[in-house]
Amino acid sequence: MSILMSQIVNGLILGSLIGLIALGYTMVYGIIQLINFAHGEVFMVGAYGAVGTATFVLPTAVTTQWWFLLPIMIVIGALVSMVVAILMERFAYRPLRNAPRLAPLITALGVSVALQEAVRVFYPEATAAIPFPSIFIPGALVLPIGDGVPIQYSGILIVVVALVLAFALNTFVEQTRLGRAMRATAQDRDVARLMGINPDRVIVLTFALGGALAGVAGVLYGNFYNFINIDMGFQNGIFAFTAAVLGGIGNIRGAVVGGLAIGLIKSLAGQYLPGGGAYDYVWIFVVLIAVLVFRPQGFFGETERVRA
Amino acid sequence: MTRRRTVAAAAILAGALALTACGTNRQEAPGTGAGGASCDTSKGTLVIGMVAPLSGGLSALGLGMRNSADLAVKQANESCAVPGYQLVFQAEDDQATPQVAGQAATKLASDDNVVGVVGTLNSSTAQTVQPILAGKSIVQVSPANTGPSLTRGEDPTGAPKRQFESYFRVSTTDLVQGPFAANYLVQKAGKKNIAVIDDGKTYGVGLANEFAKQAEKLGANIVARERVGEKDTDFNPVITKIRPLNPDAVYYGGEYPVAGPLSRQLAGQGLDIPLMGGDGIVDAKFVELGGREGDLATNVGAPTESLPSAAKFVADYKAANYPEPYSAYGAFAYDSTNVIIQALKTALAGGDYNPETTRPAIVKAVQDIKLDGAGGPISFDEYGDTTNKLLTVYTVKNGEFTPIETGTFEG
Amino acid sequence: MTATTEKKPPAHAAPRPKGIAALKPHTTTLMVVGGVLTLLGSFLPWATFVLNKGPYPAQATLQNFTAPLASSGFRLHLVLFGIAAIVVALVKRIPARHRIARALGYGTIAVSVINGLWITVEGGGLGAITASEGSVAFGAIVALIGGIVLALASRVGDLEPVPEIGWKFNRWVEWLILLVVIVLLLLLVAAVLTSGGFGATATYAGAVFLSFLAALGGFLGALHAAGLLGWVNALFDRHRGYAVILLLVAALCLPLTSAGTEYWMTVATNIGVYAATAIGLNIVVGLAGLLDLGYVAFLGIGAFVAANLSGAAASAVGIHLPFPLVMVIAAVIAGIFGAIVGSPTLRVRGDYLAIVTLAFGEIFVRSAQNNIGGLTGGSNAIPGIPPVEAFGIGFDQALRIGPVSLPRGVLYYFLIVLLVAFVMAVFANLKYSRLGRAWIAIREDEDAARAMGIRTGPVKILAFLIGAMLAGLAGAIFAHKTATVSYESFRFLESVTLLAAVVLGGMGTIPGAVLGASILFILPEKLREFADYRLLLFGIALVLIMRYRPQGLVPDAHRRAELVEEPEPIDTGGDKPTTREAVAP
Amino acid sequence: MSAPTTTSTVLAASGVTMQFGGLRALNDVSFSLNEGEIIGLIGPNGAGKTTLFNCLTGLYTPTSGTVSFRGEPLPGDPALVTETGVARTFQNIRLFPSMTAEENVLVGRHVRMKQSPLSSLLHGPGFRRSEREARERAAELLEFVGLRRVTDELARNLPYGDQRRLEIARALATEPSVLLLDEPTAGMNAAETENTRQLILKIRETGISVVVIEHDTKFIFTLCDRVLVLVQGELLVEGTPDEVRGDPRVVEAYLGAPPEQVEAQIHEAQEAEEAADHGAPGEKQLGGSS
């Protein structure tokens, strides 16, 4: 019982992180039907930006107090990721707005490789994992079930922040003027243009928002696991994409639910399915394929659109 | 558009040139590379090659190997180690994939001036490189391969059989290190319920397997045998899985980038038991990444402090100002290079280099070599493995790996 | 890097500045001046001192005025550029003079920038190419100015269209010309491969290689501008069957050239493996328009199958079958997996399909790493795969036929050349058939294709199946040549590389994948200085190609259907080859 | 009128209803097409004309009702429908843009060519024969629609009118018994329209029955043997051109309705069709033939 509970806790924490990244995937796909492969790297770059700032820029007086440093790092991570996402949209994707669909996807692959390598080459000692500044919130809450179910405080932070941000984003998209413009652009770019919306600006906004969320996720990731590495973007990016598809791509609630589902699949598959941890990754992909084949619109797939 | 780009390019170019200004780096004695002006290099240039991953995910280790070997070659040139010849170091990128490694090895093998090759890092690349170099009798000394079958064939313990006369390694095999760790953990530290985790890679799986075998032989209980993804970062599911089995120690086969976080996540889940690993986790980064006080590791050779040659290597490496750290296999790469240089000297014995005859002579000289390296004394057994079975157990104390005891593994 | 882009400068894009326009009547003078400056630059010294790493090539510290015939390397290229420019300037009967001058100018600029920059960086500052401690060396700067003046001349003057040369000769004469062209091509390829020297002692190999490429680009650009390349291309079309056979023979003759070393044979074999796989991928992506991001898995399946049937000690199956049979089995098993991976295409389209294939690829890698069913050797790989044997000769042996001795690995090279030729033939035959047209129709508009009676499901699965079979064939050779098969060779990045080869070469074209694979393999080999940046440049290159040249280096003109039909192309005497312009060299 | 006296039915729809979510795009539509007949299908924008075509060609599976060809129910797969003998063109031209005119027509020959994958691979004598025949047929068809001169032009480079005609040639290449033309003269000038009229008559002479969707009522009334008027998914009127022209209901529904109302209808119907396009997996099974 306590094992199951613990695995669910593990799954929810990882799942919240993945959901946070998946929001960026889902929004971008909703608006320009692009699988932004490089989004996982945006997440990674945000983490490096924040850690780099904390390590090389901020004075040590600041970096010793976690309650002070962590918010700063989250903001910096969000900013760095946002800027990278905006630049990426502007210089890599926008010129291809009307190109055949393969072109932006291949570009996204290129951006992904280039971003990862840029960090590896230019960030000091980035070839190996980089420790996160030791500001993590120590300790764990232990639920009194069976042998006890520990929940780390830094994990609770992830879940709370992810849910709050997802909720805020949902409110933004549904209730603000800009949010409506985003939805209008997602429906039909040309009609939106006729209605006085500048689709380019809306698209940039989408990338910026998705990027910022990924940046926050990057810092929370580092805080929870206590290190970052250049591979973290690829794997978590794929997970996040899977989550976005699972939840119904283009759907904000779906992304969060999908993320949680992926987290749970990973932790529970490692525990209960044959092959254990060695195959948990495989199970996630099996689920992905099954979902794409049998229910491509995902859990919340009313906005599913397949343009041939 | 065209013009703007041209202008931008010109501006960047101008900026780059302005940075360097109108200076030069002209030296007094041109054309001889760093120093070495006083040595006699009249007989030409000989090449020491390397095959290692210099790009991609494993480049941290590969670049450390490259720099360390480069340091050894530079020092040899400065000290005129091989009279009459200038040594050149040529590192080839294998991208950690076998076919590229084969290509790199072929490149080196088809150069008549190559006297020996240091590398590889991965066992799978070594498998491709071995026959290519062996075909030309070029000696290969690996600082990092640990798979027993590379030297002892398919059945390394039952029916060992030497694979290639020209292949040697200064690193110790899983057959030595795993059991040594098991001896300590079970007999000295008294751990009876051990969870074994590996990362699915050659080094980690081999080490974990050999550890588990010996630990069971000694009566310990292997409560779990788990694997984590090599790019994974979230180990909580695995930890949750082993927690109810009440292990009193975790043995991890793999390297520090995973081991550090794994150790910390163990504590995070309330499992306050020591994590033990092999030489792959002995790195200052292990602690930075989450390694805890009391974690254990085995490493080949005697502790660095007790070995003047090791301390000298560390100091020299620092003085040479390489951009990358020497990392896990730096010292061994340095030793491997020195093995080749010394063997070359022996084989030449003042004579002239001739690929047909000198190369086999080098192989023979390596087989018989006796050297004090940065990782301890070096010599090779009948399979090409290092005879240096001296290992040290370390523990993390005050944030650093501190030696506990040094011993020799016997059978 | 400038070397590769200078061939196709956007010609008359920017509005001309007024000041330069005044020079319009003097383009001939400008061309002469540019040519003379280029010549002058080539004779001046290029480096003020012997660089610390060793003397820069082409005797860079010496001046060549007293011995103009002693020019070598890049300085010889510049001499040729200079003379060519002057000739073009003075002989007004030459067509498209400005266009030729432009090519020569860009070539000169690229060559002088590459060498100048290299000397500057290695020499520690501009002093290395200007003046330092009493010695002067303005070669780079003067040649650069010469190149700029040449380019300026073409910019000021009116750029003529590429002329069409309609020369026609007797069939035998044309065959002879083709033979000469292809022999030249072979020598050129060998020269590119071996340029810059070899091994650790060839200090400036990267610079020499890039400079050589730049010079080659300049000369080819000039030939193209003069219409000669177009004419040769027309010759190829007229005698297609003959030309294809000649090309195959030429490829088989590569070991006889200066590139006939064990090393280049190994590189070429690796290129061949990837090219054959990339052509298979080209069926899926280029023809049928189905993006596959896990394609390297089929190469892996073929390789693992071959490894298991090779009698290698570490293989689980442990039986040894004759190699031709192994190839067939590898292809069939890879094809079966291809059909399985392709089956979601029945329901999944576009990007989603790409993700499904990526997922299959990842599942393959992870399963292989975990030694699934004991068939892949897991992290230990399957080592010790014996070489292919035929007639008692191991394919890893050197070969001696009478007086000719061929390096080790040459047999694998022959094998792979034949495989690539076979795969290309398969691709070409399929492309110009009912099935190929159905694939292209699906790529262009799937709904319309269905409305034309194409059963898209089976047709798409067939694309995956055939593509995977070709990859499986390549995998079988790969396993034996590499002697070790490890899951590490089949990761996601390898799939991206294959895709990049297809995209770079040109989607849907026959030579495209081979060209793309060659570039992706040869560049990192030749530019070791940039090994650290290999993947970074690779990623950036993908982005730039998609943006500026999405059709790849060899664009699919897609209008040669009629030419392939007749096995013996009949010389129809069509005096205006309308398809010419589209096939840019 | 030259209405043929033969009464054999080629294509028949009975009670075809198409429901998209809450919207009924087609309601109980029945009609039959006789051998050698030309039927015109008119109606305001969004009346469901193209939806009806999609139902006839298997692109949509009707919610209820059946479509039959020579008395046999038509299969629910566009590819099989075409093989059976019903070909179509599209409202917004859907040629294969980077194939030549000839290749476009050759794709149309797909179902009529006998070429196994193996013979595609080997290019044996059988392959060459079938390929030669296909090319000859393509040349005839291009000649037939007057596009012989652009045989080797890429489809996307053709002028608009030529593209429309190429689409017809491509459809004819499938050797249909029934040809469905969706707005074949949209965007054409008077001369081109007249050309198209002649072309359709010529097609009929070869024995092919034709259904034409068109907005140009004059074109329809001068071309067709019978006219169907579709309004809001319902078959309002059916009859000869003269009968339809005089029918007050047509005038009211088609021409007399207040413009806002028409607009609203259009909007509704378009949304419904879009929704159908996007609900991918629900509404159709891809492939699944063999």
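The letters A, B, C and D name the chains in turn, as written, and every chain counts its residues from 1.
Just so it is clear, a contact is a pair of C-beta atoms (placed from the backbone, for glycine too) under 8 Å apart; a residue touches a chain by one contact, two chains touch by 3 or more.
Everything numeric in this text was worked out from a predicted model, so none of it was measured.
Shared contact partners of subunit A and subunit D, listed by label, are C. By C-beta pair count, the most extensively touching chains are B-C. Computed centre separation for the pair subunit B/subunit C is 36 angstrom, with centres defined by C-alpha atoms. Centre-to-centre separation between subunit C and subunit D, using Cα means, comes to 46 Å. Averaged C-alpha coordinates give centres for subunit B and subunit D that are 71 Å from one another. Shown for subunit C are the residues that touch two or more other chains, namely 347, 349, 366, 370, 445, 447, 493, 532, 535.
Multi-chain contact residues of subunit D (touching two or more other chains) are listed as 280-281. Within subunit B, contacts with two or more other chains are made by residues 59, 200, 227, 229.
Taken in their complex, subunit D has these residues touching subunit C: 57, 59, 77-80, 82-83, 87-88, 90, 94-100, 102-103, 106-111, 113, 115, 117, 120-123, 127-128, 130-132, 134-135, 152, 154, 170-171, 174, 280-281, 286-290. Residues of subunit C touching subunit D in their complex: 346-347, 349, 426, 429-430, 433-438, 440-441, 444-445, 447-458, 460, 462, 466, 556, 558-559, 561-562, 565, 578-579.
Note for the complex: subunit C touches subunit A at residues 285, 289, 291, 293, 344, 347-352, 354-356, 358-360, 362-363, 366-367, 370, 445-447, 492-493, 496, 499-500, 503, 507, 532-533, 535-536, 538-543, 546-547, 550. Against subunit A, the residues of subunit B that register as touching in their complex are 57, 59-60, 63, 200, 226-229, 231-234, 236-238, 240-241, 243-244, 256-257, 260-261, 264-265, 268-270, 285, 288-290, 324-325, 327.
Touching subunit B in their complex are the following residues of subunit C: 9-10, 13-14, 48-55, 117, 120-121, 123-128, 130, 132-133, 198-201, 261-263, 266-267, 270, 273, 313-314, 366, 369-370, 378-381, 383-384, 396, 407-409, 478, 481-486, 488-489, 493-494, 524-525, 528, 531-532, 534-535.
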